[in-house]
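Chain IDs A, B, C and D follow the sequence of writing; residue 1 opens each chain.
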Amino acid sequence: MASNAFGTQFRFTTWGESHGPAIGVVIDGCPPLIPLTEADIQPWLDLRRPGQSKYTTQRQEADRVRIMSGTFEGVTTGMPISMMIDNTDMRSKDYDDIKDKFRPGHADYTYQMKYGIRDYRGGGRSSARETACRVAAGAVARKILGDAIKVRGAVVQIGAHKIDRARWDWAEVGNNPFFCPDAAAVPVWADYLDGIRKNGSSIGAIVEVVASGVPVGLGEPVYDKLDSDIARGLMSINAVKGVEIGDGFATAMLSGEDNADEMRMQADGTPAFLSNHAGGVLGGISSGQDIVARFAVKPTSSILQSRQTVDAAGQEVDIATKGRHDPCVGIRAAPVGEAMVACVLADHLLRQRSIKAGN
Amino acid sequence: MASNAFGTQFRFTTWGESHGPAIGVVIDGCPPLIPLTEADIQPWLDLRRPGQSKYTTQRQEADRVRIMSGTFEGVTTGMPISMMIDNTDMRSKDYDDIKDKFRPGHADYTYQMKYGIRDYRGGGRSSARETACRVAAGAVARKILGDAIKVRGAVVQIGAHKIDRARWDWAEVGNNPFFCPDAAAVPVWADYLDGIRKNGSSIGAIVEVVASGVPVGLGEPVYDKLDSDIARGLMSINAVKGVEIGDGFATAMLSGEDNADEMRMQADGTPAFLSNHAGGVLGGISSGQDIVARFAVKPTSSILQSRQTVDAAGQEVDIATKGRHDPCVGIRAAPVGEAMVACVLADHLLRQRSIKAGN
Amino acid sequence: MASNAFGTQFRFTTWGESHGPAIGVVIDGCPPLIPLTEADIQPWLDLRRPGQSKYTTQRQEADRVRIMSGTFEGVTTGMPISMMIDNTDMRSKDYDDIKDKFRPGHADYTYQMKYGIRDYRGGGRSSARETACRVAAGAVARKILGDAIKVRGAVVQIGAHKIDRARWDWAEVGNNPFFCPDAAAVPVWADYLDGIRKNGSSIGAIVEVVASGVPVGLGEPVYDKLDSDIARGLMSINAVKGVEIGDGFATAMLSGEDNADEMRMQADGTPAFLSNHAGGVLGGISSGQDIVARFAVKPTSSILQSRQTVDAAGQEVDIATKGRHDPCVGIRAAPVGEAMVACVLADHLLRQRSIKAGN
Amino acid sequence: MASNAFGTQFRFTTWGESHGPAIGVVIDGCPPLIPLTEADIQPWLDLRRPGQSKYTTQRQEADRVRIMSGTFEGVTTGMPISMMIDNTDMRSKDYDDIKDKFRPGHADYTYQMKYGIRDYRGGGRSSARETACRVAAGAVARKILGDAIKVRGAVVQIGAHKIDRARWDWAEVGNNPFFCPDAAAVPVWADYLDGIRKNGSSIGAIVEVVASGVPVGLGEPVYDKLDSDIARGLMSINAVKGVEIGDGFATAMLSGEDNADEMRMQADGTPAFLSNHAGGVLGGISSGQDIVARFAVKPTSSILQSRQTVDAAGQEVDIATKGRHDPCVGIRAAPVGEAMVACVLADHLLRQRSIKAGN
């Protein structure tokens, strides 16, 4: 059944395969009168775009976005915003080899068993290429959120190499090909990934997304909690295997008194929290603190190293995936994670209006 | 806006507050002709029921479920199944004290700010009492899944004390008040929690849910992935701060070749995986392997130890929560986590029928 | 799949069968801080209640509503509002006779074929008894709409007997058992229905619902139009076979110039329409004029007169339905139609807030 | 909020404005392995295409559809099917005149008041051009329904001129520019519409859609009834003001015994109905008889005759709409109505699978 859409009030639907003519997204529910042109969207796509360093896939895609509907004279009209990105650098014959083989860790086997058919070229619909549409949607979500709400992402761990959080500097994130906020970690990661890449291997990563300026009150109990929706959104990104909010899995080892984010009054008469173990969400509702979410990205499944598998005919075969792939797909997941969090926030910002206004 | 329902084809809506007359759940979308009586549901509720050991809250609730609609002569009719559980042991005046104070780690502050009002008695709607309704829904979901699909949960860590996975025995889970699959961990946890309880403190935990017998093909790309829905469902449980599938966060440190679940043919001519790093989900679709999900539960926020907070009038106050609380709310989260996974699976089992049948 | 709910932001789910222990409705999405007690709901249920005149079924139901959740100290909290009505006057053995027979015009055959089972007692879920829940939901919807928006219904035709619209007086609607706005039509209808009733027959009717005070701007193109949602809502009422807005089917015979609702400026500087052929909806959006909807209700299918049918065993049989039935079920459909329109308006009022506020 | 989609399991979302670069539709939920190419869709679009006779608008649009995703080697893959139609014959300056004026009967005023902005060129999103996307979706729906289920539409009344139902011949529908099933009515309508057209006026119409071969059991009580969804779908078509099923509004005048569709057994051992007052739907569920739905289409609002209105500045003005318009927009509504009914049926066919299969 229908399953290619995300969100309720701010709802986007994506379409397209890795090696089809184009991919696209239709945003339904964007309020009117918001200034919006391609220039608001393209920079975010450029961050996710492949082929920009040796640490990401060498597929060359301009990822040029076109707005096909929903704006008039430079502002949104409240009508659906359709955006399209042409596919230009497809080498489908790279994939003839895996046409009938199920790559371990890939969706090949499950798609084939579920649907009885799959577009194997570049992974078809299961390709990470789909995430460009999420980034485009996220760019529109940011316009709804406004300048006061900032959603930023960073890679905080690649393999066993973690950043030093004491050196966290958001300004560094744009200065390296890893979205790394710790300048000292950059050369370490570069060396490490060079080895991974030359070895035809791949490695996992952890990404952290922080949303600041989020007002208290977003998120709806008990099933559409802000953190439930963030978890769903992040887990839906290709290769993501875990999501946590605030202290996350570490809270298992915390006592109630250590986990309590105590409150005090500020000089301006508003309350403030003394810590943020909760990651900005209490009872599924934003607390006004930074929303902090982390997600784990497994290593790219397409590797040059040979693995055992079976084919559609039931034969045991070995497989080594050719084609152009990211040695660490977690890197390019950072802008995608940001986009998903931005979309969840925009959705809940609009939802909250129906509660606050009027009554 | 509407936010108290979960699922699409198998959809349940819950209602009720901790100290209202009753709580309840309406299941919409259960297929007809499934044998169902209260006796199918009560045992699962009994597992979650409070007051059964000194390690859970001493609130005494019979949690007796009544089916109000949707069955006829012992089988489901395809009509909505309404179930109700009376609240019987409410001591609302225990809560007068916190009427105007925001308990750290609780939803008090966010509910008040979002809605401008809250039923503070026992936490109102934000109480873990709501999860009894999830367990009732999960019991019906299990009937849809049938005997071949088993959904089981266990607590695998309390504080820093992990089980030894080598000693995992599902049969042990029912033999102790901790849903612990490792008999040797039981006395350790008992001692540890005695200390926590006497200290007026609380502690976090990690729960693992395993679904076996799940056929290949459940889950829908790209936003209604099986693991996305599981993540949303588990994260929506009170106090949950993290969710992972399969190797989860540990995949960040795995290489592509180590993470690959290789495949070989079995004697019966069907393929099998040689490992299950993926936790039974590839590309958002079940692979036929065990579905493995873990979630972290933060320590109970209501503790006897005094914490700093503010009140509704903007005064700085201290708070120590009286009332009856679980020293480790993660324990009773195990049957709730099972229920949520069962509901997600039942939903996707029904969804998959529309794809497979006919065309 | 799930199908017992109505609305998006203001969403209600109903449950219960005619001869079960109770029926109920859960409202999800009602904003907080709206004063609400049973006294706000009961009067509307009393209007729909059976057994109040010889022109409706003689089943005696108190239809006493209880609010089970979602309010605190007399106001809504934003949490789901569960309401329940006990069934008290059930004579299930009246229905033994039709257990295996398919009553013409009834849902007996289609339920049996769709589900393979049906609760035949009193029509089970297909009974008009379910509409009491809609009326309860409508009462809450009215509280959201506020006093400035009035939703009123009237029966305008029974059999071939139409009211004289020139004599329309809303004050008359409450003065007779027919919700008739034309005092002169009342004795005519009374005589006519006496004959129908004594003859063991039944007759159809047309109901008109008018919503005044609706602000311009409610309704969302292109599929969630205000009139689309009203059409869906009204058509979902038992026995309804047609819905029209404004001049409805008569517009087929109108020229463009006659159908045009011309506009002029009013003394207060706001525009006004000179006519209302459109029934208050243009392009799916409310125009600020009265919303006018009409719906046709077929004659009660349960009649004493004998009809030809078949039974579950494939035998040809005759059937005359005993039990207590309305000679004109269209009469009691009036408060139900009002309620559905009120619910659609409340839903769209909340939806509109997310567009207007802020941006 | 999101409002540009239709359906649940078979769900389509449309986008695009009359004078934008293109319009399009994304179908989400089409099962895999259904043969589908542009050649399956184009013929249906050609039926709705403008400029084919003097009785429809003279805008010349090729309405050439392109499938952008969701098929592979000629069959569907279960992935979203994106289809796009370029806009080619736009004369936006025709509309400068109405930029600030609210055309009576049009959505100009309500869009402006709701959104604070509107793309006035050709009606923007409110243009009937959007319905081309519905027809494309309907073509895919027909492929799901298969050859055994036929959905056909015909115009049965233009102005006061009704067809003679005794002369109904489906084969005639394709032989005239009116989708008229009564050959004798064709010249009458031709003369009549010539007069309307020369007079710069327009006229309403009634369209009937009949679906045959629909199996018993489609449609879900109590809010997603088959007829509720058909009513919503048809009412959402531009200019539609009324919908009825079976005998529709005429049932108001029927007695219970006359309205009863009696049943008898057929030679093949299956039951049959002796009449079809119900229009193929009982209790919201298909009965196996022909589904019969009719809808009224108001006269085109854009007419050459001058009407009184106001402009955005609050000035009283007169307006006569230039541009190219249909003298009877009801004619081209016939293929659109068919498409909407086909989409509703496909949706419920898929929904029904989850009930029938397995349990």
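The rule is simple: contacts are C-beta pairs under 8 Å (C-beta built on N, C-alpha and C of every residue); 3 or more make two chains touch, one makes a residue touch a chain.
Small disclaimer: the values here were computed from a predicted structure and weren't measured.
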From the options B-D, C-D or A-C, the pair that copies A-B, where over half of the contact pairs coincide: C-D
Of C-D and A-D, whichever chain pair has more C-beta contact pairs: C-D
Interchain centroid distance [CA atoms averaged], chain B/chain D, Å: 46
Whole-Å gap between the CA centroids of chain A and chain D: 39
Whole-Å gap between the CA centroids of chain C and chain D: 26
Interface hub residues of chain A, defined as touching at least two other chains: 1, 3-5, 8-9, 14, 32-33, 78-79, 114-115, 125, 221, 350-351, 354-355
Of all residues in chain B, those that touch chain D in their complex: 9, 31-34, 78-79, 144, 221, 350-351, 353-359
Residue ranges of chain C touching chain B (in the complex, touch as defined): 1-5, 7-11, 13-17, 20-24, 26, 28-29, 32-33, 68-70, 72, 75, 77-82, 114-119, 124-125, 350
Chain D partner contacts - residues on chain C that touch it in the complex: 1, 3-6, 8-9, 14, 102, 104-107, 109-111, 113-115, 125-126, 130, 157-160, 196, 201-206, 216-217, 219-225, 227-236, 238, 241-257, 259-265, 269, 271, 274, 277-279, 282-288, 296-303, 305, 307-310, 314-316, 330, 351-352, 354-355
